[in-house]
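Below, subunit A partners subunit B and then partners subunit C, in two separate complexes.
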Partner chain A sequence: MKFDATTFKLTEFKSVQKRSLIIGILGLLVTAVGYFINTDQFFFSYLIAYLFWVSIALGALFFVLLFHLTGTIWGVAIRRILETLIKILPILAVFFIPILFGVHHLYHWSHVADVATDPILSKKVGYLNIPFFAIRTAFYFGIWYLIAQKLYKTSIVMDSGATIDQIQKLRKISAPSMIIFALTTTFASFDWIMSLYPHWYSTIFGLYFFSGGLVGVLGFMIYFGLYLNKRGVMNEIITVEHYHNLATFTFGFIIFWGYMAFSQYLLIWYANIPEETIFYLQRSQGTWSILNKTLVIGHFAIPFVGLLTRNSKRNFTYLKYMALFILAMHWIDLYWVVMPTLHKTGIKFSIFDLTSLIGIGGIFMWLFWTQFGKHAITPYRDPKFMKSVKHEVPYS
Partner chain B sequence: MNNRKSEGILAEFENPAELIHAAEKLRDANYNDFDCHSPFPIHGMDRAMGEKRSILGWIVGPVAFIMAIFGFLFEGWTSVIAYPLVISGKPLFSYPAFGVVAFALMILFSAFTSLFGMLALNKLPRYHHPVFYSDNFSKVSDNGFFVSIEATDAKYADDDAKNFLISIGGKNIEFLIDND
Partner chain C sequence: MRVCGVSVKDTTTLLLDEEPLITGNQTFSSITEKISGIVEGETNKIWFILLGLTSSLALMFFGSMGFLFWEGVGIWGVNNPVGWGWSIVNFVFWVGIGHAGTLISAILFIFRQKWRTSINRFAEAMTLFAVVCALIFPGIHVGRIWIAYYMFPLPNQMAMWPNFRSPLLWDVFAVGTYFAVSLMFWYTGLIPDLATLRDRAKTRFRKMILAIFALGWRGGNKQWKNYEFAYLLLAALSTPLVLSVHSVVSADFASAVIPGWHTTIFPPYFVAGAIFSGFAMVMTLAIIARKVYKLEHIITVNHLEKMTKIIMLTGMMVGYAYAIEFFVAWYSGNVFESFTFVNRAFGPYAWAYWIMVSCNVIIPQLFWFKKIRTSVPIMFVISILVNIGMWFERFVITVSSLANDFLPSSWDYYSPTVWDISLLIGSFGLFFSLFLLFIRFLPMISIAEVKGVLPQADPHYYEITKNRSRDE
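Take a look at the complex of A and B:
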């Protein structure tokens, strides 16, 4: 992989692109075997892997919108990586098709006979039915496509000379898009995850999913940036100052995640209403209680203390492992939310959990590299670009 | 009037770039008790002046930690030992509820420590500073860039300091002497 410092484009990245595709196809093939061995396990593993990658792309969408709205300076240098992620977000709709086929394996509310005898579910049937479920998902991806397309295209046009109109346009798009993003992400998490337990509800659940995605995309950005730097790409553009800021954001959103998780828990625990506490009751059965503690310590305490000091945010080796750790925790978080529906008595890891993650991840990265190589990998004609490169985090 | 000791020396510089260079030279000449004054913050000034990182974080951190633990234990003590009341059928030691109090106390005392620690480390509040003896200094809130060296500096001697400030390009040099 090489970096052309005049056009700001990647060259010779075909091998890593091809490797991603091969890993992705192999991963998905092995996962497909799972369909014939253990169909339920296959669909649940697939759903978790799918949510993992979609949540990362959604987190990227949030950050692009946030960058345009706040008029960030430091973030300009890394913006194109995030923009590439949002550009491939709508393509992930294709991976939702298997979930539609497996809707009877995943979602209890799709069994019409059970719903008819269930007084609560029969009242929810107007919302929770297969056609509307599919339409809603198509609608979310359609909206995300429109937003992503506008933001990405305008940013690419700016590569051949930016005007004030484009910057204003990006900001004008971002403000309503942020509201739409919040609503669609919330409802997507309700549909895809919360409806796994159709009796249960939690109004904060959308924020919980969203905060996990933010932590995920920050882990991705830190790891991916270091990956590029190690190969001599953009070493003078993404500097220690940018990692410092990314790590600060990670620190902040780790707290945000903890805040959401704890708020959800505290209110349910305090009110002690059976239809709400069922969620936590399921997760304290057998070995699931291990994951409860793992999340409190691994998804909150360790990154919180581990990213507290300035030195820890500026140490590349340390950040790399911290980013991987956070990504692993994000996956465990999704696993903990989704999987107890299937394995009620305790944790039962399956090989398909891993292969589906790698499979979708491989294709995801293949799409990413394909898109990433097409244009300059940093918005180098953005008026704030040089300021961003020279950005420094002051002593605090 | 002239037999009063000067409490420091003040020199004016043309622009922020010169002020930064002056700060670097003062730093390299091992002056410690000097300060730069400008109408707006100048990037890189902390490094030019050789300022070390503030130790405030190391004060706030332990305070936050201690207060979080204190909040947790205090809440535990009130609900288990001092006033053991059963509330909504929950155990006396209902630790999820204590988290909120512990968190709030941690934030509150971190904020207090940050604010008052900052003031204490900056030796604030203070009523007066020798630079205010100078009439010229009032430009600092508009278009003036100043360096002041205080007489408390170990290296400070009136003539040396004056010659040094002239050599690094200081203008309108004046000793800061109580004149009322």
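Take a look at the complex of A and C:
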């Protein structure tokens, strides 16, 4: 791949684009075999992989909105990568279709007969039923489409001469969009994940899912930026200062995630109400308890200590592995939340966990490259662009 | 300059092209004069009147406390189901107020928000005084004040220890730590300014006192370097404290099994609420102070507008929590949960609930309009309404959940007595008295930090301005 320094566009990226597509199709094909071998396993693996990629795109949406609202300077240089992610977010709705087909395998509340005999679940029928579930998901994606479309288009228009009106317009869109984002993400997490255990509930769950997505997108951004830089793309634009900021954000949101996870755990453990403790009880059965500790150490302690110093945030090789590690932890987090519904006694990794992740990921990256190659890969006409490129992280 | 082969206009603008935070063409010396002048000059008459008023209220506070110790907590309106009344409400309210100071000083510092410099000093002072007020309430709530030391894990001959699993003990640690670190942070920030005052002092005695507290500050490069690093470290230490204190306070409620208290969103929800009310209080005080001491050039409408945005944001976070709580109460399928929330909105305390919702969620929405965000009188009113709303939030949480719990036969309605009211009003008296003393004796705005955000503070200022005037 090459970078055209006059148009700020990517050229000769077709091979990586094609490779993503091939990997994606192969991954999905192998995963499809899982449907015939072990249908339940197939759907659960698929759901986790799906949540992983959707959460990254949702995290990107948050950052784009945040950047416009706060009038970021440093973030301008990397904004187009995030914008490309949000542009493909609505397309991921297509990948939700298999989940709709697998709704009986995934969601206990979809079994009408079981629900009728369950006094608690029968109260929730008004919310937890298949048509409304599908409508809600369609609604989330529809509204994300509208937001993403507006933000992306306006940003592209700025590439042919930016005016102050566009910057103000982006800010004006972002303010209400942030509110909509908060509510839709929360309810999406309730629908897609929390309702896997229809008896269980936790008011913080939306924030928990959201915080994981933020960590995920930051890991993605660091890794992807370094991937581009290694191939000589945007080396002068995304500098060590930007990685420093991204790593600082990662550090912050690792703590944020830990705070959410701990708040939820502490309060449920303390109050010791059976209908709530079931969630943690399930996750202490058998080998599941290994993942509990893995998350505490891997999703919190290691990145916390590992991103504490200034040097660690400015070392590219180190950051690359840290980003990969954080992405792996983000997947484990989702696995830990979703999978105990299926494997109650202990961890049972399946090949389809991996193939579905790669399959959806391949297609995701293919969509990403396709979109990424269409326009300039950094908003170079943004009035703050040069300031962003020259941005330096102060010592104190 | 060229980036990727493209020539781009030189953008060495740095601080110069940004809209100046401090208006009125201030110089280093005018800033020093202005802020030190408040401390060194004649005492303002309004100040005397206000202190007279607030210290009388503070006296009432101490008087009420004296009667409380004499008579016992029976003088309050607490009854059988509602064992936690206004005292706890006031405690949470004041701790919440105490959150803005450290947020502004530490979190906004870490986020490199330069506008914090005009408001951080008095916001920190406000934090300290609010925490003092807050700590009094659980202290007097023990009833037998002479054994209040039982709250601390002190080795004793009775081999009696507090329950380490109790969030009430965590409160002692959390709020205590918060107070200690906030005090340290505030004092560290004060050192360069104390040295400035010392150097300007006219009398020997004044010089001596200030010299002691300025810790031998000379303003050398080495000193600044160490100082700024210490400041960064303290900011980093304070940041988690901003979150932890109110999270622990929220655990006082959320670790119980009472519907409406036990819900997992409480820690972040309480933190957002605390920042919300704290910012509103900073705004109330800032608006009065800038008017009385003519600081409109330093605390500009621009600063206030930024604060309105944070108030709006945190107000919506609180609104989010209200909404999610309500939804999940229904979604849980638990009759007690859903009853509690419906009861809050439409039961005997509906009036308090709707005051809370209107003041915290609906009224701050006015800040969507630029006209209102830049209108000082309107934001003054809103900032007070926000604090009324936030007081009622704690009231709704504390009282409504207790008054109507699992057993209808034990339900009762809570009404405050005159002593509840006198303690609440009295605590405001103490708070404002301390604050007034502070603005009279210490620089209420950080002189050194405000200078740092002036255009002249940019190392290239003179070079660039010279070049520009030549080009023109």
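Note that the second predicted complex is superposed on the first by the 396 of 396 C-alpha atoms of A that agree within 3 Å, B and C clash if a C-alpha of one lies under 4 Å from a C-alpha of the other, contacts with A are read in each partner's own complex, and residues count from 1 in each chain.
Methods note: a contact is a pair of C-beta atoms (placed from the backbone, for glycine too) under 8 Å apart; a residue touches a chain by one contact, two chains touch by 3 or more.
Please read all numbers here as calculations on a predicted model, not as lab measurements.
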Q. Which term applies to subunit B and subunit C once both are placed on subunit A by superposition, clash or fit?
A. clash
Q: Figure out whether A:S15 sits in contact with subunit B (first) or subunit C (second), or with both, or with neither.
A: neither
Q: Tell me which partner A:T203 touches in the superposition: subunit B (first), subunit C (second), both or neither.
A: second
(Q) I'd like to know which partner A:S160 touches here: subunit B for first, subunit C for second, both or neither. (A) neither
Q: Would you check which partner chain A:N311 touches, where first means subunit B only, second means subunit C only, and both and neither mean what they say?
A: neither
**Q.** Contacts of A:I179 with subunit B and subunit C, given as first, second, both or neither
**A.** second
Q: Check whether A:L266 is in contact with subunit B, with subunit C, with both or with neither, and answer first, second, both or neither.
A: both
Q. Who touches more of subunit A, subunit B or subunit C?
A. C
Q) Which holds for A:E392: it touches subunit B only (first), subunit C only (second), both, or neither? A) first
Q: Pick one for A:E275: touches subunit B only (first), subunit C only (second), both, or neither.
A: second
Q: Can you tell which stretch of subunit C bumps into subunit B once we superpose, 271-279, 433-441 or 451-459?
A: 451-459
Q) Considering each complex separately, which residues of subunit A are in contact with subunit B in the first and with subunit C in the second? A) 266, 270, 272, 394, 396
Q | Residues on subunit B engaged by subunit A in the complex (per definition of touch) | A | 43-44, 46, 51, 53-54, 57, 61, 88-90, 96-97, 99-100
(Q) Could you list, by residue number, the parts of subunit C that touch subunit A in their complex? (A) 1, 3-6, 8-9, 11, 13, 112, 228-229, 231-232, 240, 243, 247, 251, 254-257, 262-268, 316, 320-321, 323-325, 328, 331-334, 368
Q | Contact footprint of subunit C on subunit A as seen in their complex | A | 3, 5-6, 8, 119-121, 123-124, 127, 175, 179, 182-183, 186, 190, 199, 201-207, 236-237, 255, 259-260, 263-264, 266-268, 270-273, 275, 380, 386-387, 389-390, 394, 396
Q | Of all residues in subunit A, those that touch subunit B in their complex | A | 262, 265-266, 269-270, 272, 308-310, 392, 394-396
